[in-house]
Each structure stands twice: as C-alpha cells, then as structure tokens.
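Both of the next two complexes hold chain A, though its partner changes from chain B to chain C.
== the complex of A and B ==
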C-alpha cells in the first residue's frame, strides 16, 4: 500500500478509518505512529526536493524583484523598485514576439510528433524480428545528444556542405536554405525537432499498444469490422489517455528547446526563431541582466504550471487524478 | 595612407594620448621603473631570483587559440626558470566569454591569469574585475628592464586602460581588418584592380559575381564585427560619443545608408545561406575558391596563402579595407592577458604575463612558430617577419601595421570596448539579418534596432 493510497484512505469518507476515528473523536496511537513513520520516510526526499528545486526557485523569485546586473554587484539586493522588471516585460515587444514564436513552435511540433509517433507505432505494432529491429532504429534520434542532432541538421541545411544541396545542384534546382529564410526558418526548426522527438511519443504509444487487451478487437473482427474501423473505434479511444500524457510531456519539453535554435539559427534571421527561453538566455548570459531574466523566467514558469494543470485536469477528466 | 605615414613613428603611449587616453601618468609610472632598472640601479628581482615561485601552481583561462599552444610548448623553459607550474584551461570562444564573465563577477580566485576578450574589456575593466598593472610596471623588482611596454602598437593596447589611465592587460594577439581576394585572377582577367572604395567594391562584385561559379563576396554572421567599419565609412556611429555618451545612433541617415549597402552585399553577392555562416565556414569558402572577396581580420585571411588546405595560394591578393565616402575605418582588436582581481597569486601571474608577452617569446611564437598576428612593433618590423608576410609580392606586414596604428591613433574602436557594447552589437546583428532576409527595409530595421538598444542599455542603469 502506498503513502498516497493511505493518504487517500485517510480522508474522511463515511467508511474510512479517519471517518470512524473522527466520530470517536480520537486517533488511536497506532494510526498516529503510522502517520509519523510515513512522514519520517518522506522527510529526506522532501528535504532534498526543497534544496534542489524550491530554494533555487525561491531565489529566482527574489532576484526577479531586483534589477540585478552582474556588471554592477550592488544591484543584487536593490529592492527599491521591486516591480520594475515586471512592468518592463509588459512592454517588451521582443519578449511578446518570443512567446508567440514559442506558442507556434510548441503547438506544431507536439501535434506533428503525436501524429508521426502514432502512425509509426501503429505500423510497428507487430511482433516480428524485422519490426523489432526497425523499432530500435527509430529510437536513434531520441538518444543522440541534442547538440549532435543540431549539428546533423546544421550540415543538412548548409548549402555548401549539405548532401541534399549537392543533389539539388545536380538536378539544377536553385533552392534557398530554410534556416536563413525568414518564411521558413521556424519550419526548419520544426522539422528537426519533430525528427528528434517523435520516437518518444512512438515509444509511449507502443508501450500502451502492447498492454491493449485483445478481446475487444477480436470481438470486432468477428462482427466484421474493417482495419480502419478497428483503429478508429477501438484503438484510438483506448490510446486517448496515452496520447494526452505523451502530448503533455512533449509540450513541457518543447518549451525547453534550445540547442537546435542555438546552433541552427541563433534565434534569427532577425527574431523569427527566437523562443522565450532563448530570449532569457540572451538577457542573462549576453547582457548579464539576471534580475530581468529571472522575472521573465518566473512568468514562463507560471504559464507552464497553469498549462500543465489544465492538461492534467483534461487527462483525468476533471477528477484531479485521485479516483 | 597619409595617416599611416604620420603615425608610423609614434609609440603606443604617444598614439594613445592623441586618442585621449593617457600620457603623463603612464609615462611616469610605466617608464620610471624600467628606466631605473636600465641604469643599473637595481636588477629586476623576479627574473633575477631563480625558482622564486617554487611550489606555486598558476591557473590560466583563455579561449582556444594557436598562440596558447605555442606558449604551452615554451612553458618548460619558464617553469624551469621560475619554479612555478602553469596550467591552462582553454574553452571555445563563446563558452569562455560567458564563463569568465560569471567567474570575474564573483571575484573568484579560480584563475590567476585570464584572457581579456577585446569586446568585454570595457565591461570587465570598468567593473573593477581586473588588476591594474601600473604598480607592477613601476616596480623594477617586478618588471624587467627590457620588457618595454611602448613596443606594443597603440591599437592593441588602448582597450586595456580605464578612465583613471590604469593599464590592465598586455596583448598577446592582434587583429587588423583587411580585404583578401582568393581568386584575384577573376578580377585580373577583366582588367579590374582590387577595390579601394566601397563604391568600387560594389562595381567589382557586380562584374565578377558567379563568374566561374565563384561568389563575389563572403562574410560570416558576426555583423557586429563586420558592419561598423562600413557604418563609419558612411559617416555613422554606433554610439554618440563613446565612452562618455553611450546613446546609440543606429537609426541615423548614415547608419541606414550603410546598412542598406552592407545588406545589399549579403543579399546579392554572397553564397546562398551566408546569413548562417560561421567565420570558419566563410574562410573555408575562400580556401576552396568558392567565394572571392572577404573583409576580416588578418588571421582569417592569411590561411588563404599559408594553409595546406588552400587551393588559392597563387591567386590570393590583399588590400586595405575600401574607404567609404567619409573615410576608411578598418576594425582592429586585440586580446590580452590580465590578472583577475580575485587572484591570490598576482606576483606570479605578472611574472607569467611579462614572460609570455616579452619580445623574446614573441620572437619564438611569431618568427619561428608562425603566429603572425603579433602586437609588438619590433617583431612586425623585423626583416624575418616582413619576409614571412610578403605574399605574392605584396607587403602584408605594412598593411597590418598601418591598421593597428590607425585605430590606436584615431580611437575609432572605442565603441567596441564600452561596457554596454554587447547590447548594441546584438541589435546590429539582428538588424542586418532582418534587412538581408527581406523582413524589413533598412530604415525600419535600424529604427527598431535603435529602440531595442536604448531599452536594453537602460536596463544596465546607463543614463541616456
């Protein structure tokens, strides 16, 4: 029995232990000892979590209320105008543009990764030695270090060294590289990001498909359902929750996209591929505006938390995941 | 060219004075010690005492560069002489700058010597993160009589003074912008000479672009390095009057005209995809003979004549940066060794810097090992150096010295060494990309750059 189960059981439902004890007005000694024991077990993990995640976040929040600039250490504890960064970001057009670029990039890459992941998972969901080998080979982009993926695509997109552009030249086609074309630069990032991460969604969906009970499909086949009908009416409804979880993971991860943009476009041309975390990077490490970039980070963090909460609610059907 | 003649006999001190940097203070503190030592009043203790730093381990941080490889080869001699052990920590250029920025801002003592990157010099020095050298230079116990700080060409040293005229670094490498044609034969075939003005440059590009499958021009994506010489050539500026007045002037009519000109070169006469080119990619295009003209620091152009990978050794020609309507302003930079303020082994650090930037060491690195981007005049004027830099009958050493002196004398590189340069430089990059990729016309893009630069500079607390 897990701590969560025990905790849920402890809630004051009519038949719960707590409910019975609450009626009696006391908790027996054993129940108190058990709760204390659980907290004792959780304490080291909570302490580590607090140090590793909460303290830096708290520091980030505090710093966001200062104009901290590394070139001027005196600004570290300057709280004379604590909301200056938050006022500035309201009128920062480049930040607003980066949020819009981020939204486009996240939406398109997540949808494409789900579609490709689903399609290939359905095709590979056959247990044969060939399919097993193919399944493994499809995972290669995901396990490569992100910087290596970025370099592979940089080579592919660079006309003077790209095998693709060598072929275009042989064919007499004059094609401009997408990474320096304002209309196509973001698409170039989308393609590379989708290539890198669709194996992740594919893997999750394949795992779900492996757990899928065969009875419904067999019954439908007996009733004369076509392959399309089997997929649409049985497989996809079964995968709905899996797709939502995979989408949530990818959505959160897509907001962290960095190496592809750093290597391929440097946020350009101009700012057409500059996403929010890249903008934060520039403000922090090119200009040393730690205070301002902390404020932008806090806003981004809040947006991710809200978005995650909304999606978790949607996945769990509004049940808060505890039923 | 007159300017180079008038400046050719000036010392670093003299020429920097004319740029409004310093005079008496430096003459007093820098030369007094060495003069005393020269008169034999006292031998420099640091060098006289053998193994004075026995047991000391000196940590040095810098970006990866061939000069450090040369120095590492020569280190045994220095370690034997002083008794100290020297460890280098070398990183890629952008990684080094960001890490060192953080390290210096915390007054860390991890490193005893570090490279002061030219474009960060104003920021690191004005913030008090580096150690002034004046006390070392004025102490004959610590500085050898023959060190001769005046031997450094002025353009290589101006960035390393603060507003109190204190010197914080000695250059180990210098960059002087010039032009190279990898396939001069294409120009020659049409009876065209190397362009001397920006107007001529456009005409040459028009006449030679895509002849024999060769792009007429190539640049890398560091527009904040490449573009300002064009900007100044058209009469524009990055800041109104650096370092005193840091109001950017990126939307002036001159700046818009220069941006139009420069973006036109990128859009019409460069290889496809040039907006994503790194400096190495641009050089490789020239080495392979796929792109012809390039304007950049000499270090990026010499491989055309010296590298084993070069297919254009016989056809390469050099020239000074073409002049704009308002003159010629070839960029010049230098990277220097300095001592972080947090270092706890400053005497040992100074002993290393003195040795690594001495004439004897440069004789070995420049004349014997091939590191030709050297900052000392005595080396540049050495007949062996001149011989090494005579390429296809051209005296490149003279052009190199001319650019180094010109920038030091006229002080026009001041824009690049102010603390808020990274903010303005990044806006230049973005603006040029917007124009060359067709997202905006020059006027709109430069106005946007101006507004963004003002906003970002204000965040640093600068009153505009």
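== the complex of A and C ==
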C-alpha cells in the first residue's frame, strides 16, 4: 500500500486511518500508541483548565454555604447553617430589584441591538467598495476596549465637556444629564450599550447573509417581488435562527455588563441601574460579604449555564446553522 | 421606457440607501472621534464649550502621561497579556490537535464547558481567586493576573485551534507515520508549521481579550501589577478631573486593539462565539 493511496483515503474523513491500518495489520499497536499520544497531549490542558476554572467554581460553591465575611475570619469555614445565604437571597429586596433592572436592561438592549444590527446589515449587504469601507467603520464601537467605551460615554454625558450640551446651550435648552437622573439613568446605559454592541449582531447577520442561497431571491425577483417583499418573505425567515443565536449571545453577555455601569452611574442614582452582576461586586468587594455574594453568583451562573445550553442546542439542532 | 424608469428608480433607491448608511456610519463614529480629538486638546479648550471647537493641537496630555505611573501600567498590561497568551497557546494547541484527531463522544459537553467558561461573569472567578490569592500572596502580582487570564484564554485556544485542525487534511500526517516518523515528530514538523496563520490569529484574539480586561485588574491588583485600563480610571478619582490625560490614556489603550481587530475582522465573530459556532 503506497503512501499516496493512504493519503487519498485519509482525506475521506475522520477515523479513516483506522481502516487503513486495520487492513495493513498494524492496527492494535499503532492505534493504541496513537490514542496514548493524544491523551498525553490532552492531559495538560484538561488538568490546567480544571485547576483554573473548575476548582475556583467549586470553591465558590463551598463559600456560598458559609457566612464568610472578610472582616470576621472565623466565618471562613463555618458550615453550621449551610443554606443561610440561599434563604437570605429569597428575601433580599435589593437583589430582587437588581434582577428586575437586569431584565429591563437585557431585554431592551438585545431588542435594540437586533433591530439596528439587522437594519444596517441589510443596508450594507451590497458588495461595493464604499460599503466595504463603511462596514469597517461600524465595527469600531465593538472592538474598543469596554472601559474606553464607558469613558467615551462619560464624556458625552458630562455637560461641561460634552459636545451635545454645547449644542443644547446654543439652542437655549436646559437639560440635566441623564446619568444622575433616576428617571433616565438606565436609558443612558441602554444607549451606550446599544452603541457598543449592535456591531456584533450586525456582523453575525452579515455573515449569514453572505451564505444565503440566491435561487429563492432570484425566483422571487423574476416573479416581480419588490425589495420589501423580498426582505419580509425571504430574507427574514432565512435569518430567523441567526437572529435567535445572536440575540441569545447578547442576552448572556448583557449579564456581564460592568464597565459601563461602574463608570457612568456606579449603580445609582439610588439603585436604579444596579444590575445583579454589579450588586455582587458591591457586596463582595465593597462590603466583603463573600459568602452571600458567592451564593448570588451561583444563582447567576446557573442561569448562564441554562442559557448557554439553549445556544448549543439551537446551533447544533438547527437546519441552517451554517454560519 | 418602462425599463429606464425602473432603472432610474433603482438608482434613486440605491442613492438613498447609501446616504442613510453614510450618515449612520458618521453618527456611529462621532463619539469615538470626539474622544480621540479631545486627547490632543489643551486643558483650557476642553472646558471652553463651543469656543474650544477650534484649537491648537498639543501633545501635552501624552507627555504628561509618560512622567506618570501610566507607563508602568502599560508595561503591566503588555506583560500579563502576552505571557498569558503564550502560555495558553503552549498548553492549548497540542490539546486542541488531540481533540480534533481523537474520536470524542462528549462533543456537546465540551462545547458547553467552553461556552460556559467564556460566558461566566468575571465576578464568578474574581471571588475565589481573590480569596486564594490573598492566602498565597498573589494579590497585586503580574503572575496572579496571568493565571486568571488563562481562565478565558485556554478555552479560546482550544476551541479556535480545534476548529482549524478539523479543517486540515490528515493525509500529510498519515504519510509521515507510514514513513516512520514518530507521532511527536509529526506534530512538531508537519502539523505545527502549517498552523502558523491560525496560531497568529488565535494569539491576537487572546491578547486582545487580556488587554481589554478591566474587572480582574480592578479586583485583584492595587498598585504594582495595576494594568492600564484601571490606571486610566484612576485619573478620574484624583483631584479635579484630568480629562485631557484620561482621553490620552484611553486613546493609547485602544490603539493596539483597533489596529489588530480591524486587520482581522473576519475572525472577530469566531472568537466571540467560541463554544457555539464553528468559524
């Protein structure tokens, strides 16, 4: 058996080497060697991944059963009432408020990002040099370091240095900055977050549009369909799954929102912009209630795992998951 | 007649669409441009309202940064990001290759694990790492940050490199085995050299993720190992807001990020959806 022949067979897909060597009669020894070699390569990464991610998560779970408070070292390994934190979180109004704020922020930003992302992707979905250059400029907000995005919006929302407020002054409008106004603070975050992340949904939608089969569109054009009809009856149904995946990604990511809130409002005024992630940060790193914040984090993690599972299902189970 | 009318309508529609896109692009870029321009403004003009619209550009905001602790924080950012990236590639690439070639049964579990480690809010890692580092004396050290950055870099390397290996033909490796090359030698001499571009792409993504980190640096460092993003935010807490310095510092932090990510925008989505979508 020549190497060329082996090569050709090898290209046919995974596991083909097995067949080749079985015929050559060297399977048992070589295949065993091969599997051992693979495990040798895999062992370090599995071990280290376990140490750096699974162990900390386990430790987090353990501390969530203690009333650990850094001001009082005796609380570190106190398991006398393991569920105390989980009972507390059922009656913690500030936590419930933070979940509600999170839900509002996540829903509104995801919807806005999908709308803007879709709209701009549809407009950009033409291959001209102008559009290619513009595509890149739309990506800028997404690739900026999140902390810089937060600072940029801090500038825009600070009346003494913001160009918007100069304009308001010229027009004679007296407008208060939204980030210190309880009625508008969350909206201010929504605007900044939408600006930062609509490029993400736009990119994913553009990638899907590039793969869209032409036949259906062409057939509809021949039948005299208008651009609106094409978009509504052909493009949008095609994008349904893409939109769902992009939305889920943004939904999960929105749970992590931190720099915007830290820089713009610090969770205030009062607690109108205090999302759960931020509440945990305050409880753990400002008040040192490590035990309690661990319990809240576990709940948040559980939510994220469920949502991630939905994504994996959606992507691997869908019919046109071909991005 | 009818066709020329149609063509005219199509041209008009295209013109309108183009105009809308250009206007939207300008609106999108304005906040960012304003910030960069601000970093070149003298302090007086920053607060001068509309009168400060035209100004004489200056580098004083940048030069004042270098006489500051900002330089050492940039150094910390650079060292922690690059060392963590190199470690993740060294540990993760062989594993990714093995995952791609061995037949795995728990495909979906793997995906979920990688996705979950990318999706977990940083605070979930920051709390246990803070406790352990306090005990081990790793708080406020570069080593501490390097290890924490492995939490997301390793998963990213495994996912992206496995995708790459899945797409490469096995023929060459098998030919090398037939010719008597050892498994290890085949990996080093045949597989790695052809992974060059994929390794570079993955490295850049890992570097950017670490460079952009704010939360871990905020919670796990105080002075010595503080990275640039946290240092810039510290300018906000000093007496009087030094907006010029803040803008200059922020601009310096985003320069490498902008350059790299726009160069490789094709791979941005692959990195951000790691665990779920094969790039």
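Rule of thumb we're sticking to: the second predicted complex is superposed on the first by the 257 of 323 C-alpha atoms of A that agree within 3 Å, B and C clash if a C-alpha of one lies under 4 Å from a C-alpha of the other, contacts with A are read in each partner's own complex, and residues count from 1 in each chain.
As a convention for this text, a contact is a pair of C-beta atoms (placed from the backbone, for glycine too) under 8 Å apart; a residue touches a chain by one contact, two chains touch by 3 or more.
As the structure is a computational prediction, the values presented were derived from the model and not from experiment.
Asks: Considering only touches as defined above, state whether A:152 meets chain B (first), chain C (second), both or neither.
Replies: Second partner only.
Asks: Kindly classify A:209 by the partners it touches after superposition: chain B alone (first), chain C alone (second), both, or neither?
Replies: In the superposition, A:209 touches no partner, neither chain B nor chain C.
Asks: Just checking: does A:53 make contact with chain B only, chain C only, both, or neither of them? Give me first, second, both or neither.
Replies: Touch partner of A:53: chain C, not chain B.
Asks: Going by the contact rule set out at the top, does A:182 touch chain B (first), chain C (second), both, or neither?
Replies: Touch status of A:182: first partner only.
Asks: With both complexes superposed on chain A, which partner does A:285 reach: first (chain B), second (chain C), both or neither?
Replies: Touch partners of A:285: chain B and chain C.
Asks: Output check: A:265 vs chain B and chain C. Expected answer is one of first, second, both, neither. What do you get?
Replies: So A:265 only meets chain B here.
Asks: Look at the residues of chain A and decide whether chain B or chain C touches more of them.
Replies: On the superposition, C touches more of the residues of chain A.
Asks: Please work out whether A:94 is in contact with chain B alone, chain C alone, both, or neither, and reply first, second, both or neither.
Replies: first
Asks: Answer with first, second, both or neither: which of chain B and chain C does A:108 touch in the superposed model?
Replies: neither
Asks: So in the superposed three-chain picture, is A:160 touching just chain B, just chain C, both, or none of them (first/second/both/neither)?
Replies: In the superposition, A:160 touches chain B and chain C alike.
Asks: Residues of chain A that sit at the chain B interface in one complex and at the chain C interface in the other, please.
Replies: Touching chain B in the first complex and chain C in the second, residues 154, 160, 285 of chain A appear in both lists.
Asks: Can you list the chain C residues touching chain A in their complex?
Replies: Against chain A, chain C makes touches at 13, 17-18, 20-22, 24-25, 28-29, 31-32, 34-35, 38, 46-47, 49-50, 91-92, 94-99, 101-103, 108, 111-112, 115-117, 119-132, 147-148, 150-151, 154-155, 158, 169-175, 177-179, 183-184, 187, 211-212, 214-215, 218-219, 229, 232-233, 236, 243, 246-247, 250, 253-254, 257-258, 261-262, 265, 268-269, 272-273, 275-277.
Asks: Under the stated contact criterion, what part of chain A meets chain B in this complex?
Replies: Within the complex, chain A contacts chain B at residues 67, 69-73, 75, 88, 92, 94, 154, 157-160, 176-177, 179-182, 264-266, 268-272, 282, 285-289, 292.
Asks: Considering the complex alone, what residue numbers of chain B touch chain A?
Replies: It is residues 98, 101-102, 105, 123, 127, 221, 271-276, 281, 284-285, 290, 419, 422-423, 426, 429-430, 433-434, 436-440, 445, 452, 455-456, 459-461 of chain B that touch chain A.
Asks: Quick one: which bits of chain A touch chain C in the complex? Just the residue numbers, please.
Replies: 3, 6-8, 10-11, 14-17, 20, 30, 33-35, 37-39, 41-42, 44-46, 48-49, 52-53, 55-57, 59-60, 63, 120, 123-124, 126, 130-131, 134, 136-148, 151-156, 160-161, 163, 166, 169-170, 195, 200, 203-204, 207, 227, 245, 249, 252-253, 255-256, 258-259, 262-263, 277, 280-281, 284-285, 290, 293-294, 297, 300-301, 304-305, 307-309, 311-312, 315-316, 321, 323
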